[in-house]
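There are structures below to look over.
Paired with subunit B in one complex and with subunit C in the other, subunit A is shared by the two complexes that follow.
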Partner chain A sequence: MTVYTAFLLAGLALVALGLALAAAIIVQRGLRQHAGRRDLALVEPFRPLLIALVMDERADATATARILGADARAWSALEPHIISMVRKLRGDSRAVLVNLLHERGTITRLNRRLTRPGAVGRARAAELLGLLGEHAPRRDLERLALRDHDAEVRIVAARALGEIGDPKSARALLAAASGPRAVPLRIAARSLARLGPGAAPELMRGLRSDKTTSRAVSAEILGLLGVTSAATVLASAAEDDPELDVRIRSARALGRIGVPSALPVLERCTGPDRHPALRAVAARAVGEVGGPIAIELLARLLDDPVHRVAANAARALGRLGDRALPALRRTAAGATPGAPYAAEVLAEIDVRSGRVVALRADAAVGDVRLPVVTGVVG
Partner chain B sequence: MTSVLVADDDRDIRELVSFKLQAAGYDVVTASDGTDALAQVIAHRPDVAVLDVMMPGLSGTDVLRAVRAHPEVGGTRVILLTAKAQEQDVAAGFALGADDYIVKPFSPRELLSRVQAVLGRRAS
Partner chain C sequence: MIPHVVTDAAVAFLTGFDWFVLGYFLALNSGYLVLLALASLEFARHLRRLPFAGYDEAYASPLTLPVSVIVPAHDEGPGIVDAVRAMLSLRYPEFEILVVDDGSTDDTFARLVEAFDLVEVPRVVTPDVPVVGALVSVSVPRSALPLVVVRKENGGKADALNTGINVARYPLVCMVDADSVLDPDALMTVSKPFADDPERVVATGGVVRAANGCTVSGGRIVEVRMPRTWLPRIQVVEYLRAFLMGRSGWSRLGALAIISGAFGLFRRDVLLEVGGMAHGCIGEDADLVIRIHGHMRRTQRPYRVVFVAEPVAWTEVPTSLKVLANQRRRWHRGLAQTLWRNRSMMLNPRYGRIGLLTLPYYFVFELLAPVVEVVGVSAAALGFLVGAVNLSFAVLFVAVALAYGILLSIASLALEEFSFHRYRRWRDLALAVGCAFIENLGYRQLTAVWRLQGLWAELKGARVEWGTMSREGFGGPAAASQPVGSRP
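Moving on, here comes the complex of A and B:
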């Protein structure tokens, strides 16, 4: 065989392979389209019933019975359709659809899938159970979030627990945030935040956990949920927790909760003997609490030698509005280290309030385009 | 009869919202894309237009902008119905002149109340 023949045969083989692949793709698309059309035809007779049932927002016995009586083939097309409608609706309409799925056994079937060998199947079942919420097996999902050997399944289960929003899952989610099979902190935190204020008692217990991650997440979420009753435990954590991360998150949480009683603790957190990162966060938190005492404290912090502390104090004063302006102006007019920070924030306030305006927008001299010139008016 | 345009590329949403509004006594016209929605607003002059934001062709915000700029239908009440739930999305919708903003997933009962409220505001 000559080299030419070998090349020719190889080329022909490649062309044949390409044609075979193209044919396979076309056939697969055709089959998929056919299946889609078939499913649509199977769903079509049930659509008016389904829409009437959902929009009446109450269980009509006849319509319910007809939908639930769909044969296995029709139901296999109808079930994904109902699930897609659940994703679009809230309130009683959604509850009617979830009840249909519950009565037809979808939730029981998904629950069984949680223990199947395939990780993709378990994750898919966990995701759907989270969507279907009220009838989902909370404990099975908690077990999955804590112990499943597949990281993706643990993440999906933790998300599902957040979707379901039962505060009883707080303990499991806190535990899921630490340990060798931990879910990423932001996933656990987001799910915990979705549990609402009902999770507060467990989060307050979490602040006393021996696990740093649990304490850090608890502090963060208590702040996000604005649990005022947690101010005392957060104040202790901001001052005394052995871990800097927990102290920082607790100080931030105190700012978010915004109770004035937190000011003395936050003031101590801004003290020169504390870590600069904690001092900077505490300065911002002082501003979030606000009030005359906070303004006085922040005005002092403008002269702080640590850049982040002085900058945060200046921004916090800027956010406090007119009441903080005298303090900012006083410092800006002086010669202390805080003067540039105060001046910068005052300039930002001027820009925001429209006192700085474009004087010559789009100015041009010959072919040379000049930059926009700004100035202060009023 | 008070008329409402429901524009959404999702057939489920179109049918669900139409059913709810028709049951409440409104005359409903529908559109499945932005271009059709704008044409329907100009042709039918609905009292309220419920617009999905992410539609093929013109987006809901494009339609809203065009409606507000139109000399004859500029006063049409517009409710944006969208999955875009970020604070800046809502603010942008109102800045463009939307009368209300509903986030998906939505409650049909709430949507009906919002339509009634928007119409009530105009009547007053």
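Moving on, here comes the complex of A and C:
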């Protein structure tokens, strides 16, 4: 074969491929539009029945029977429609639709899919089972969150457990947050937070775990749930835990819980010998606890040489409202390193309260009146 | 009289060079084909996982990382208010919009003051990354809108972004062009990799598409259509082939070197570690990502730079040849600068796929492509004149090369149709197929000339400025001269 012939054949092959792709585009679009119209037509007769079901407080047996009696083709179009309605509804209306799916076998089918090969199928099933809460196999989902070899399946299963909201899943979720097949900390933490106060005992145990991630997640969630009985353990963790991440999350949690007894610990966490990240978080937490002692401590921290500490102290004072204004004004009027931070927060308070006149629309560069401080203050 | 031995040598050289050009274009288009195949795998993976992506869950979570959205603006008066309004209505749990007015000479700031009732406030800003233009003022609205407007002396886009990085309060920083139209879920979409793989993901980028012809309402794309004129239509197809498919393919390989300056999300601590944006660099977006790769490799930390296939941002593309030429010259100049600045990473095994694959590819098949194309066409013509190239063979060669290019464009369209199918009208589809032909019959050759000019300008060391382009806007015919958007 000559080079010329080879070129000719290659060119013809390219043209044929191009034509095939163009045809594929047209066929794909045609098929998609046809499928859309077909599904619409299949769902249409059932739409009024579904609306009647979710609107009526009394379940209409005839409507239910008609929907459940849909043939396989109609049900395949109807099922995604019902699931999308479940996502949007709450209470009895949602329960009616979930029961429909249960009776028609959707939930059994999804349960079976949890153990099948194919990560996407397992993840889809886990997500839908989480949505359908009350009928979901909690233990199977816990197993997926802990042991599935696919990271995405573990994430979806952990989210589903949070959606279901059974506090019994706390141990599995805590375990899922650590180890070689860990679920990302924020996802496990969010799911744990959705379990509510019932998860607190397990989280208290988690705070004493030898796994850093378990301690970190437990501290974070105990704070989010506002478990006051955890304050003592958290105070100990904020000061003494060997891991900085756990100390930071414990300090933050103490602020969220807001018990005044946490102030001495938080004050020590803001000490100059501690890590700057912990000091900054502790400064914010001090503000969340509040009170005269907190204001005094925060006013001192305004002069801190670490920007994040001083800035957080200033914002914390700002959030404390009128009680903190004298301390802020005193610092702003002075010449200490904390003055610009105090001035910044005071200005924000004035802006929000409408005490500052807005700029003219024609303001030019030369009209600038207020200082912008750049550079590391102090 | 030229001796025979000289003409024979010239003919042999031209023949050899023509074969080199042939091999080069085969390799170039085959490279695109591989990237396209990788992109199709990436799209399939993305779309199959979309139903359980968990965006609603992330939106409701108090643990979702907050984002500072930095919008550098220079003479963006006509569109800035609509752009900021649209950004303020993004669906995300916690974010702030930081508009950095980089010494605008028009009414950019005045319009913002009027629209958002701005009040000047003092603000402590630490120089975490270097800035050149002095900070002039910081303003916030009297309402509780999460908006901060920073005015500074002119220092260029990179300087404006660095100022924004310094002012930013949140751990994730999103860089957005002021003329970008964002999808409401844009932040949710590009922040997802940070939630799924928080230890390793340091930067994410999303797909930027051409907005011309689309219906924009309230700063949102409500209907996607092909542009009304041919030049932007061709760019729609070009964006699909070169940017959407290319970037997705590189991301799949774990070797993505460019996240568009029009929309990219970064970890702030990593931005501080690399010193923020590089001053005086036109291709600051690519330069940043390559430096992040270099930094993470040098510090031997596991990391990922991810491209999210979902369309998240839309930008107006040039409608005139003059503006398009200017844009392409700038982009190519930026590429040359970026490759030169990061030359120590090139072919260096220490930098893994970026050093051994991406950067050499960009050098050989992006930077040098216009040189080979222009010189190749000239050599082919010369070869034909001196009898080194057979006419029918030359015609066949050109036809095959064009067919390969057209095939790639149609394959990109097919991929778009099988995945996102955003262009819903049959007419738009027909126009796109038409553009797949036109793009390869004149447009590509024209851009090759402009890119060559850009390369030449860089070699000469011509002055760097914010580029300007005439925008038609999305709401009406009022034209305005505004900065050229980032490479998508």
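To be clear about the criterion, the second predicted complex is superposed on the first by the 314 of 378 C-alpha atoms of A that agree within 3 Å, B and C clash if a C-alpha of one lies under 4 Å from a C-alpha of the other, contacts with A are read in each partner's own complex, and residues count from 1 in each chain.
Here is the rule we go by: contacts are C-beta pairs under 8 Å (C-beta built on N, C-alpha and C of every residue); 3 or more make two chains touch, one makes a residue touch a chain.
Every value quoted in this text rests on a predicted model; they were computed, and no experiment measured them.
A.B. asks: So, does A:51 touch the first partner subunit B, the second partner subunit C, both, or neither?
C.D. replies: first
A.B. asks: With the two complexes superposed on chain A, say which partner A:244 touches: subunit B (first), subunit C (second), both, or neither.
C.D. replies: Neither subunit B nor subunit C is touched by A:244.
A.B. asks: Once the shared chain is lined up, is A:41 touching subunit B (first), subunit C (second), both, or neither of them?
C.D. replies: neither
A.B. asks: Thinking of the overlay built on chain A, is A:92 touched by subunit B (first), by subunit C (second), by both, or by neither?
C.D. replies: In the superposition, A:92 touches subunit B alone.
A.B. asks: Output check: A:68 vs subunit B and subunit C. Expected answer is one of first, second, both, neither. What do you get?
C.D. replies: After superposing on A, A:68 lies clear of both subunit B and subunit C.
A.B. asks: Between subunit B and subunit C, which makes contact with more of the residues in subunit A?
C.D. replies: C
A.B. asks: Identify the overlap between the subunit B-contacting and the subunit C-contacting residues of subunit A.
C.D. replies: Comparing the two interfaces on subunit A, one with subunit B and one with subunit C, no residues are shared.
A.B. asks: In the complex formed with subunit C, which residues of subunit A make contact?
C.D. replies: Residue list for subunit A touching subunit C: 3-4, 7-8, 10-11, 14-15, 17-18, 21-22, 24-26, 28-29, 32, 120, 123-124, 126-127, 151-152, 155-156, 159, 162-163, 184-187, 189-190, 193, 220, 224, 307, 310-311, 340-341, 343-344, 347-348, 351-352, 354, 356-363, 365, 368-377.
A.B. asks: In their shared complex, at which residues does subunit C touch subunit A?
C.D. replies: Of all residues in subunit C, those touching subunit A are 48-49, 51-52, 54, 57, 61-65, 109-111, 113-114, 117-127, 134-140, 142, 144, 151, 195-198, 392-393, 396-397, 399-400, 403-404, 406-407, 410-411, 413-414, 417-418, 421, 426, 429, 433.
A.B. asks: Write out the stretch or stretches of subunit A touching subunit B in their complex.
C.D. replies: Within the complex, subunit A touches subunit B at residues 47, 51-52, 54-55, 57, 84-85, 87-94.
A.B. asks: Per the contact definition, I'd like the list of subunit B residues that touch subunit A in the complex.
C.D. replies: 10, 12-13, 15-16, 19-20, 23, 104-110
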